[in-house]
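Here chain A shows up in two complexes: once beside chain B, once beside chain C.
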Partner chain A sequence: MEAIKLCCAKCGFVVEEYTSVELTDNPRKAKRCQYLLQKSSICPSCLASGRLKEVRTQVDDNAIVGAKPQPAPGVAAAHEEHPQSPTPMMDAISRGSWPSHAAELKKTHYPLQMYEQALQKRATQWGYGGYVSLPGVAAGVLVRASARPDITKGSNFLRIMDPCGNFFKTDAMRGLCDIADKYAYGLLHLLSTGGDLEMLGIPTENLKPAVDEITALGFDVGSTGDDYRTSEECIGPAKCDLPLYDTLGFREAWYKRFLEDVQYPRFPHKFKCKFAGCPNDCVRGGQKADVFVCGVFRDLPIVDQPKVAAWVKGGGDISTVCTRCPGGCLTWDAKRGLGIDGDSCIRCMYCINKIPGVRPGGDRGVAILVGGKLRGKYGPMLAKVLVPFMKAVPPDYKEVFDLIERITAVYDEHARKKERMGDFLLRIGMVEFFRLVGVEPSAQLFDRPRTNLYYHWEPEEVNAEIAQRNIAGQSVSKE
Partner chain B sequence: MAAVTLAGKQFEVDEDGFMLDVAQWTPEVAIGLAKSEGIDALTDDHWKVINYLRGYYQKFNVAPPVRMVCKETGFSLKRIYELFSTGPAKGACKLAGLPKPTGCI
Partner chain C sequence: MPGIGIPPLEANLPPIVKRNYGKWISHQHPRPGVIKHDSESGEACFTVRAGMPPNARISTQTLRTICDLADEFCEGYFRVTQRNSCEFVGVPENRVEQLIARLAEMGFPVGGTNRSLHNTVCCTGYLHCHLAATDPAAIMKAVSEMLLHEFQNDCLPAKLKISGSGCLNNCGESSTADIAVIGVHRDLPPIHAEKLKGCELPLVISVCPVGAIRPKGPGMIEIDPKRCVHCPACSVACAAMAPIGSPDGDGVAIVVGGKAGNTGDGPAMAKLVVPYLPNNPPFWPEVTAVIRKIVDAWSANARKDERVGEWINRIGWEKFYERTALPLSFKVMDNYDARALECAKPNVRFTW
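And now, the complex of A and B:
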């Protein structure tokens, strides 16, 4: 067999590598090889442009198959051993004044060639992903297959629920780091976009002992598969001046009530909950969450007139703020101060964010929105308001959690397999969903009067009206 | 495609060990399959779940949602995962002789 290497003519860097068998078997690869040889390209290593050089070498057929030494059977190695191969592209990345991810990866047991080859070939070398249930660990293990079994056989990940507010005490973090060193690559993913912590690269034999040690530390493992994913909350009263309810306490209570559903999959598809303290929505719940609990206020923003006046005197651009108010309800007068038109105010937080001295109102609660998502069958969708206002009463938030439970029960019963909440709502319609959940639609759910002349009347409404008219007509004729 | 011999009979199973022909199922088959799922002996609680799954499948020709299994058998989700360690979708359905549930397991 012949190995065909397409190298840079200047530095000799191998851009693509084929075997003669591959080229005869696969016409697409042969075509690509021809194409690369005919055109001028830029070397990813030395950045010189020009034609690539073809180097043909004879290789033994057995040299490629089974080149990697297999570990002795029956021994559960903590890490796969990777040969010290050259990593020119990663070296190039780690040069520079900033801390580099490539330099960090090199300190761990991460299979460096997977990343190096991905950089060289400009395509990821990892395969598909999925979840598995182990005895005793129903959810929490992610599997990532490898498209290059010659480098690594694949990798398992553990998803660990982070404490509320993503606050880790240093001791707890040291414990997690020790476990990662002992059983995994020695690499933690802090924090994933779903609001959890991932421990990367645990061999299958080590999963159970690793989970046992993590739970002994006081952390919980879970949130993969068709269950509640780890919820995400904004930092709320721990660091922010705007939250309208205690997001951290709310999430703590949510975990206490729904932990079983986080750890044991049962829904038709994944189900994400996000909790934002105010309509600024720092957790992107409106775009991503199946159930989004957002802090809202019912009365008008509270204006501290002397403070606003001082801000304007100090150079605050009040005219721009007034013109850009989405509801168009702000007026500024030097004598009367800042005025807010209550009828057109939509409580969007714009003036509160811009002007010091304007604070959210005192009548506070939460709004429940459903059906936001980024993927799924019909693509990205924004969440829709189900309940415009309800009180969130600590410590157990019973009313809100009961509603969330009703929503999941309806979703569980009526949604199809692998159908996200947004797709489900699109299929059955919002009116039907209101009926199933048992929530009465209110006028606050509509942001403007209807412009469509054509309207469908229910037969009962029309028949009742006709019957009433007939009765009235009969009574008139009798007289 | 593979074949296993359980209770003196031969059955065709797929690559994950699910029976291909639902009609061939007998209680002895469940006892035989239990060993592959790491269950030593099937208790009354196991049988309650298996019988419910089979009854539902015969009626509707589809495996029941997990919520229905919990509601009808009276077990919590946690208890069902304790009984069938690979979960209600995979372990319990396999023992009840139901075809492999679709989706990502």
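And now, the complex of A and C:
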């Protein structure tokens, strides 16, 4: 079998790649190959105009096209050695002792001039983008138009949901690499800040086959548009000594219950759920998540006095920990050991993080916070407590998931289009939201009581209160 | 066809993690970039953390090399952390140094644990986005280069997280970081009348956070130039109002003091300290100089375990501006609607 590469005659950038089998079997591809060869075009990498060069190489029949590390004949060399490199800015960024994204781009099919020109002109060269659906694939495909049709037509990418804990078996990752080489630029975005893996630069006609191969490999696409976005969890019991519930198992159960809502957009706006194992909040859910499930404990931290004493003796900095305790509730005495004042301990995890021998206390569960976001209409907002404590019971976490479903239902019914949870809460007020979801007041729900003394009573509330008092008064007078 | 969900939990967990799932009792930092977890079974798990290219943007070629390393050193598994580092979990203790040397050969520095610079996080910027006002990936590359020593050594008062976003959409989670850059536009969004037909005008009007977009006759809108805050909300909602920005109008703002955990002063969003710096590719020297100033002032003056935001809370903004010698501007004060007085000082507790 032969591999046919259509390269730039000047710099050797591979524009398209076919196998001889493909060209005989697939008339569409053969036609496109002929068309590209006859047409004068501009190289996406060095901007030289002219006809493409055809390079034929013998390959093993079993090899997948492009599965080997992208050879890109002479491209890397051309970029480094060419006296007038077509990508001077990217070359500058490629150097240095920190790994460079520009150097990575050069190893792929990414149209380098899109980035180079952006840097030179100080303006992005991409055009309008958004989410689209394919038949059978309602979410997971993103398109990005090009503002420079002379360099590239635009590009699509797929959003793949990460496995729990972002652990990858190398076989699975190599499988994704094969798909990226075969259908896309050969460039991956390993972890977007939303928690997905993105595969970039898939031509429209390759989207469906790429999705099929990804699902055959055991991964799935989704998490675009106005639906539940991929949920993110902290590393939890897999590699941490602090989690208060099984975040990885929780996320897996969440997917079992809510997968449809990750793949079929139907809400007013995107909706993010994040799960942190403890108040250290390694997923930054308190800032990013519409629903944030945070592990909490209610008993005081458990102190293993001999272990703490050994740590102090070994040079542990106990005085810093005692001064920096936010509640000011730690006392250290060589004889009596470490003391914790139960009234001011806020269960923040600080002493637990710093002192070996102090462990989270018992009576563990989760707190549910709502409305965190970084953008939306009114800018960044921290999530607010909706339910301070509830039990998270495996394997199906029914109580917690029912609550998440109720929150989403209220949001779905009352929020306006393109209104994030936080903006919705700002508009209707937290008290109204408590009423809609059905939450009883508790002292953990507020930061502080109000200073503004103008507040409202419903006539029914007043009448009910008076009636109550009258009944109580009557029963007293009878006695 | 989609519909299968995420891979089952066991499929991608390394054997050492499966054996000790939920049984870890403590962790230590034997050297920068290496974490040792102890299990109640007595087993110890060594994790080596390496920095990755900004934006976790990686070619399949490099990724295959990482896979080879994972096969060789830790039974064929690796993971990506929340801050875009690459972690090799379960490396045998006697091979840790060897793996670090191999990563160094590949050009991947090891570090980012404990009291050091943790790996940077950023959005795609110019690489693949139509809204970007700046290129955070290139800025993060320059910043990582500048702070390489801080990444590889536990030499800071507390952990330091630096992030970058290309625009106010904040995809690079700038507001959560200790120090962050965020791309800002300063131009009005364009109105391409011929494309307006394809837009949902009531939606375009309602997404504007300041009500600067108004109807102007049938099928037409106008922008109040006095109110516009140059966010990309309308450019996202409507193709006729994109692209926003211009080479000389766009630039970078700097925010500080974001934090997620409940320790110290609790979770906080970052605050704006420098409203505008020009875009100056490929190394953004003005931006890196400001970050250098803030890091230096913080590491010289903060107490142990005091994150940037907590240090500022203790010393106050007057001292922050004095120590960092950054220029002051009224742009850093909010002046909109209900938040108009939020940034004004309600007392005379000054520091001079």
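By our rule, the second predicted complex is superposed on the first by the 355 of 479 C-alpha atoms of A that agree within 3 Å, B and C clash if a C-alpha of one lies under 4 Å from a C-alpha of the other, contacts with A are read in each partner's own complex, and residues count from 1 in each chain.
The working rule: a contact is a pair of C-beta atoms (placed from the backbone, for glycine too) under 8 Å apart; a residue touches a chain by one contact, two chains touch by 3 or more.
Just so it is clear, the structure is predicted and the values come from calculations on it, not from any experiment.
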item: Greater residue coverage of chain A in the superposed arrangement, chain B or chain C; value: C
item: Touched partner set for A:D412, first chain B, second chain C, both or neither; value: first
item: Touched partner set for A:R56, first chain B, second chain C, both or neither; value: neither
item: Which of chain B and chain C A:R266 touches, first, second, both or neither; value: first
item: Touched partner set for A:Y131, first chain B, second chain C, both or neither; value: first
item: Partner chain(s) touched by A:H101 [first = chain B, second = chain C, both, neither]; value: second
item: Touching partner for A:F168 - first (chain B), second (chain C), both, neither; value: second
item: First (chain B), second (chain C), both or neither touched by A:Y378; value: second
item: Which superposed partner A:Y115 touches (first chain B, second chain C, both, neither); value: second
item: Common interface positions of chain A, toward chain B and toward chain C; value: 136, 138, 263, 417-418
item: Of all residues in chain A, those that touch chain B in their complex; value: 130-136, 138, 225-226, 260-261, 263-266, 268, 409, 412-413, 417-418
item: Parts of chain C lying in touch with chain A, wherever the complex brings them together; value: 1-9, 11-14, 17, 21-22, 24-27, 37-38, 45, 47, 51-64, 67-68, 70-71, 76-82, 84, 89, 107-109, 121, 123-132, 135, 137-138, 141, 144-145, 148, 166, 168-176, 203, 206-207, 209, 233, 237, 239, 242-243, 245-248, 250, 258, 260-270, 279, 281-283, 303-306
item: Complex contact set, residues of chain A against chain C; value: 69-70, 89-90, 92-93, 96-105, 107-108, 115, 118-129, 136-138, 140, 144-145, 147, 155, 157, 161-174, 177, 180-181, 186-194, 200, 211-212, 215, 218-222, 232, 234-235, 237-241, 243, 246, 248-249, 251-252, 255-256, 259, 263, 279-288, 317, 320-321, 324, 326, 346-350, 353-354, 356, 374-375, 377-382, 416-418
item: Residues on chain B engaged by chain A in the complex (per definition of touch); value: 38, 65-67, 70, 76-78, 80-81, 85-90, 102-105
